[in-house]
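If you scroll down you'll find the structure; I have some questions about it.
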Amino acid sequence: MSPVTFYLLSSVGIFVVCLYGLIVHAHLIRKILALNMMGSAVFLLLTGVARRGELTDPVPHAMVLTGIVVAVSATAFALAVARRLYEECGRAYLPEEDPEDLSEEREG
Amino acid sequence: MLSLFFDAVLALALPLLAWRVLTTRDLYRAVILFIAFGLLVALSWARLDAPDIALAEAAIGAGLTGALFLNTVGGLVGRKRSPSRESDESREVAERREAIQSSPGEPVDEVMRPWWVRLALTVPILALGLALGWAVVSFPEPAIDLAQQASDNLEASGVDHGVTAVLLNFRSYDTLLEIGVLLLAVVAVWSLDLGRVRGGQAALSKGLPVLHGLVRLLTPIMIIVGGYLLWAGAKQPGGAFQAGAVLGALGVLLVLSGLVRPPLSDGSGLRIGLAVGFAVFLGIGTAVMLATGELLNYPPASTYGLIIIIELFLTVSIALTLAALFVTAPPRKEQGSKEHSEEKGEES
Amino acid sequence: MGLIGSNWLVVPIVLPLATATLAMLVGRRSAPYLGLLTASGILLSVAAIGLTVLEEGTIRYQLGGWEAPLGINLYADGLAVFMLLMTAIVGAAVSAYAVGYFTSRQDESGRVAGDSGDRSGSFWVLWMFLWASLNGLFLSADAFNLYVTLEIMGLSAAGLVTLERRQSALSSGMRYLFVTLLGSLAYLMGVALLYGALGALDLATLGELMYPGAATWSALALITLGMALKTGLFPLHFWMPAAYSNAISPASALLAGLVGKASFYLLLRLWFDVFDGGLGPGPGQVLGLLGAAAIVWGAVMAVRQRRLKRLLAYSSVSQIGYLFVLFSLATTASWGFDAWSGGVYHAFSHACAKAAMFMSAGAIVRSVGHDDLDRMQGVGQQMPLAVAGFALGGVTLMGLPPTGGFTAKWLLVSASLESGQWWIAVVLLAGGVLAALYVLRFLNPALIQVKVGPVARPATQNLEVTAFVLAFGSFFLALLSAPLLALLRIGTPFASVLLVGTP
Amino acid sequence: MSFAELLPLLVILSSALASFVIFFLRDDRSRLRTSIYLGGEIVKLGLVLVMLQGIYVGAQYELRVPLLPDIDFLLQANELAMLFLILSAGLWLLTTLYSIGYLRHAPNRARFFGFFGLSVSATAGIALSGNLFTFFIFYELLTLVTYPLVVHRETPAAMRIGRQYLVYTLGGGVVLLAGIVSLQLVAGSLEFVAGGTLTGDEASPAILIAIFALLIGGLGVKNAFVPLHSWLPAAMIAPTPVSALLHGVAVVKAGAFGIVRVIHEIYGIELAAELGVTLPVAILASFTIIYGSIKAISQDELKKRLAYSTVSQVSFIALGVSLVGYLDTVGGVAHLVHQGIMKVTLFFCAGVIAETIGVKYVSKMGGVGRRMPWTMGAFALGSLGMIGVPPMAGFVSKWYLGVGAIEAGQPWVIAVLVTSTVLNTVYFLPVLYVSFFGKPTGEWQEERPHTRFEADWLLLFPTLAVAGLVFLIGLFAGWELSPLGWAELIASRQWEGQFGN
């Protein structure tokens, strides 16, 4: 087993652990952490794949670099929404079910 | 043998650390662990011969993202509502908030789905893990070798470094869109109209007077490092992203330490700074269409020059964007233009 | 092909990106004009692309001059142009609607003055990014580039949902963001696996190299799951009713009309161009089954709703089922093209109709101040155009002639009977009657007359007109079946079926 | 595009365009509205007459536009189409005049007339459809454009009934669509061809029978076969001109017309008989005839009584075409027109009475005949026609049906005809008796006791006109351009070379 395979398996491990965590945890910060690390898992897989051949493949590296920037953008936005939500209703959890709230009527 | 052992430990540590990040009760601690996770990922990338992205991950993935998380967790603790919103809020909500805020363990989190949901989830997720594990172990030798193609075409790309060639020439369209994502993220965050978080920031800046000294020391170094990374990118690991990330991190540090107050005025300076990288990239990409007939197809003679120009502006915009994402609050009209000049200082 | 000819292809992507940048700089006053200008530019360029494809066949465009698989290609076949056209029509209508929407919002009261972030300006920037990403997604021929467009789409769409700052909108926007990010990540994992197994990102190359194996099966599963989640296929639709109903109405129209279609398109594209019809008959059957369940479940839930926009959202759950039914029908047999084109046609007509209905609903909610279905009496008197727009859109959902829904239903029913899966036909047909029930759930109270004097209400004239025009235009979509189906034939994965011909 | 191609389209569009313009007129611009509307009608009637003349001398009118793979949008005029077309265009004119009087002060007239005209356009489309696909398009359009008419009063009760109406008719449409799609897959063609487009070799008899069941089941909803009929009496909540339109010209007739098309021009009478599907249709129709008549007896509300009478009478058409005989076919097809004119007469009268003196129930009709002799005279003509008294139109149809049944070897049909005639008498004669000889009981007697006069001429003129037609059509049934003569032409074309004439 080559060291590359270790990292490939490691990335799968991170991916499923975070997928599980994303679903079971209710706290928004926890969910965003899980999503962010899931991204890292995919990047790790790509980096591992890039190292397989004789030459190191620059294409996955470029993909990962793009991915990192996308991930930080998404994380920043998600955190901002979480904060805004907290400002509005004082909780950092999503409601379990979306009630049909007729009291909030007006658009705007 | 030793290195194989090292790789095995590192590979094993990553999922375990991820697990710890998600299960540690204290959220601050979880974020610290997350930063450690990011650094370990960067280390493993260094081991996998990927210094470019290891650099970017350390700066952006671990550093900046970690700071963002810390900032938000702090915000969730110390945030007070603005009075204007209080009026149209139902009593129930207020009470709920009261209960959460007064709960002693904040920012401790222990809300999870019930045990039977968790148990039921393990089956499909384990199955997915096994399938993926089998898939990655049984990767065949691919029929196409892009690495070879990339190195064959490196000469025509105008730069000497593979990753930069892919990023700014072979697959520059992806990069263009990705810069768009950054710009989009800023607009989206601003559209939320958040107030500025004081809690976490204040804690950091007040508690650590040493930080000031450190930041003063670091500022020139980071600017030099950033400049070097940008310049080096054409030949070796480095480039606009890494340079931008370092400068962006510097911006965050300056804001955190209170040395620079975030730009508050809605002068167009900041907006232009944010947009210029994308605009120049898009503009050059479109303009070369006239010469070569295709979007982003640089004329061979001027390829290197154009890429450098693009990278230069990208660095500025990336740095500013990352810092702006951290600050989150949109600049406001009513503020004076005094802070405006400080923002420019950051830009240099 | 001349310089201009093939370069039309980048206009629908570059133009909204440029507008987004400009709109960010100029602020809210001139953003609407820029937006309308862009909309007409996109319409023009899409028309040009459509004509070129109709005349000369598919177009492949090498970005940066680099050939695939090293470079990124754009690729326009009939399907891509079809989706571009759908987006251009709905997008132009929503743009016109948004101009009125934000103008009258500011006339309404001082509430907006309290909001320092100008929502109108943010809307235009987000929407232009969204439009660019949609067009980019439809034209992209590169698996990783598709990921980037997916992310732009997801972020801008979530940003549009959270433009509304009510608590309910924020929490549904948050959930939507999680869903869309998770969907994209699952997709990216799939792409990484494909790259590991096949070493390429270009879709055509991937399709050529495709083999059934552990990595490709896993990739198929992840990509399908991710896209089903983003599209809101039953039972992964949990996020949808809240996101669609709590957003501001232009955003609801865009989400329900276009964004869901884009992730569906991506799945369709990969399923048939890369995975060779799902690597076997099993996966398609599963999707078809879920689609059929969605049709019934969504419609039943829609009938039971008490709020107008939630009703529409559940109706989308149901209508999305029609799209997924095609996966169990579209095979290489003689009915394959019928099923495939029927599903795609349904996407088009549903996009137009549902957008128009959300636009109508927005005008109604704006005017009467609530969206409680039980208090809609008299709306038909006060806002005949909005109600008419809603009703015309509703006819598409029922799948009656001469709407596009009819063409779609005909093709799908025909394919399901021909393939011997008559139970699918039963569900498809029953879904139409159920749709009538939930459309009436609104029309029944709305048409009841009440005696009221003239009441002062916010001006919604231009909102109503835009909604009605879109609904009225899409009402006759079946009459365009022949040219649109001819367009879909260009570059279809079912070309072999078409050569054999139908009996 | 030549005139021969354009004409069928123009016939449909002439009313559709006029209606469409009307939607955008303000409600109080009644003069302009009326001129546009009547203009459209006259144009349409003129075009129909031109077409009729052309068909008579053997011209071909056909418009074919490809719409789906292997399926065309096809408009085609033939003798059967013309019969239905003339009926709809002619009665539209009269119904419009009547509606103008009827709705003089009602709200939402623009919408009413707009959808009214669109219904007639859809009916014209149904008449001119050259294949089942096109037929289906107009058939469903008819459902849609009649819905606003049914709920025109916009009361909660009207909305509830409108919902029932839509669910029934759309449900029927769905079954019909299933049948049509199956037919396309099996036969590859949906075109109406004299003598039938199917040869019987396309698929096994079981499949052909199943498809037939789907088609008739779907059409049976609009045709109001028991037990799919309950929407029809309920839809009486609509204004009277709408009821007249629904019962006499458009909706119910669309179902009956579709059944004629399917049996004659898709399956062909020969194949249908071979498959053994005609007898069940005949039995179903007979049952509906008897059931509707019995239900009608117990209705006190005049419009409800007429509605059940429609349930009963319309099935004569299906009965006629499903009995395998030449004369039956003539009777059934002729009844398509006859029933329409008679039923419109009766509804017009009911509407006039309700509008003028407010009487809606049979039990309150004492003295109405003396008070409104013209109206009740027209009513008498219509009901005698329904009963089948010679020489009224209804007699002619029933005569042909009876003789045809014997010719076709189905004597039991005579029993059905006799029973229905007796029942018709039982529910119509009391109305006439009470109104002419009964004691005045209604409140109108006190309110306006001395003015013995009739309704507005706009209401009365159309009523008398259609009543006159009931009489004249029966009297001149022998003329070759009478509905009967035309029906003979259609039937002879159908039977040509099959069983001999």
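Every chain is named by a letter (A, B, C and D) in the order it is written, and numbering of its residues begins at 1.
Operating definition for what follows: a contact is a pair of C-beta atoms (placed from the backbone, for glycine too) under 8 Å apart; a residue touches a chain by one contact, two chains touch by 3 or more.
Keep in mind it's a predicted model, so treat the numbers as computed, not measured.
Asks: What shortest step count links subunit A and subunit C in the network of chain contacts?
Replies: 1
Asks: Which neighbours do subunit A and subunit B have in common?
Replies: C
Asks: For this structure, which two chains share the highest number of contact pairs?
Replies: A-B
Asks: Relative to subunit D, which chain's C-alpha centre is the most remote?
Replies: B
Asks: Determine the centre-to-centre distance between subunit C and subunit D, using the mean Cα coordinates as centres, and give it in whole Å.
Replies: So the centre of subunit C lies 42 Å away from the centre of subunit D.
Asks: Subunit B to subunit D: how many Å between their CA centres?
Replies: Measuring from centre to centre gives 72 Å for this pair.
Asks: Centre to centre, by mean C-alpha position, how many angstrom separate subunit B and subunit C?
Replies: About 31 Å, centre to centre.
Asks: Could you grab the centroid distance between subunit A and subunit D? Build each centroid from C-alpha atoms only and quote it in angstrom.
Replies: 65
Asks: Residues touching two or more other chains, restricted to subunit B: which are they?
Replies: Residues 93, 128, 132, 136, 139, 145-146, 150, 170-171, 174, 178, 181, 184-185, 188, 192-193.
Asks: If I count partner chains per residue in subunit A, which residues reach a count of at least 2?
Replies: 8, 15, 41, 45, 49, 52, 59, 63, 66, 70, 73-74, 77, 81-82, 84, 88-89
Asks: Identify every two-chain combination in which the chains touch.
Replies: Pairs satisfying the touch definition: A-B, A-C, B-C, C-D.
Asks: Provide the residue numbers of subunit C that touch subunit B in the complex, in ascending order.
Replies: Residues 3, 7, 10, 14, 17-18, 20-21, 24-25, 61-66, 69-72, 114-117, 119, 122, 125-126, 129, 132-133, 136, 144-145, 148-149, 151-152, 155-156, 158-159, 162-163, 165, 167, 189, 193, 195-200, 205, 209, 213-215, 217-219, 221 of subunit C touch subunit B in their complex.
Asks: Quick check: in the complex, which residue numbers of subunit A touch subunit B?
Replies: Those residues of subunit A that touch subunit B are 3-21, 23-27, 29-30, 32-34, 36-37, 40-41, 43-45, 47-59, 61-66, 68-77, 79-84, 86-93, 103.
Asks: Along subunit D, where are the residues that touch subunit C in the complex?
Replies: Residues 65-70, 107, 136-137, 140-141, 143-144, 151, 154-156, 159-160, 162-163, 166-167, 170-171, 173-175, 177-178, 181-182, 184-185, 188 of subunit D touch subunit C in their complex.
Asks: Show which residues of subunit C lie in contact with subunit D when the two form their complex.
Replies: So the residues of subunit C in touch with subunit D come to 338, 380, 395, 398, 400-402, 406-407, 409-411, 413-414, 417-418, 425-426, 429-430, 432-433, 436-437, 440, 444-445, 447-449, 478-479, 481-482, 485, 502-503.
Asks: Show which residues of subunit B lie in contact with subunit C when the two form their complex.
Replies: Those in contact with subunit C are residues 84, 93, 128, 131-132, 134-136, 138-140, 142-146, 149-150, 153, 169-174, 177-178, 180-181, 183-185, 187-188, 190-193, 268, 271-272, 274-275, 278-279, 282, 285-286, 289, 292-298, 330, 332-333.
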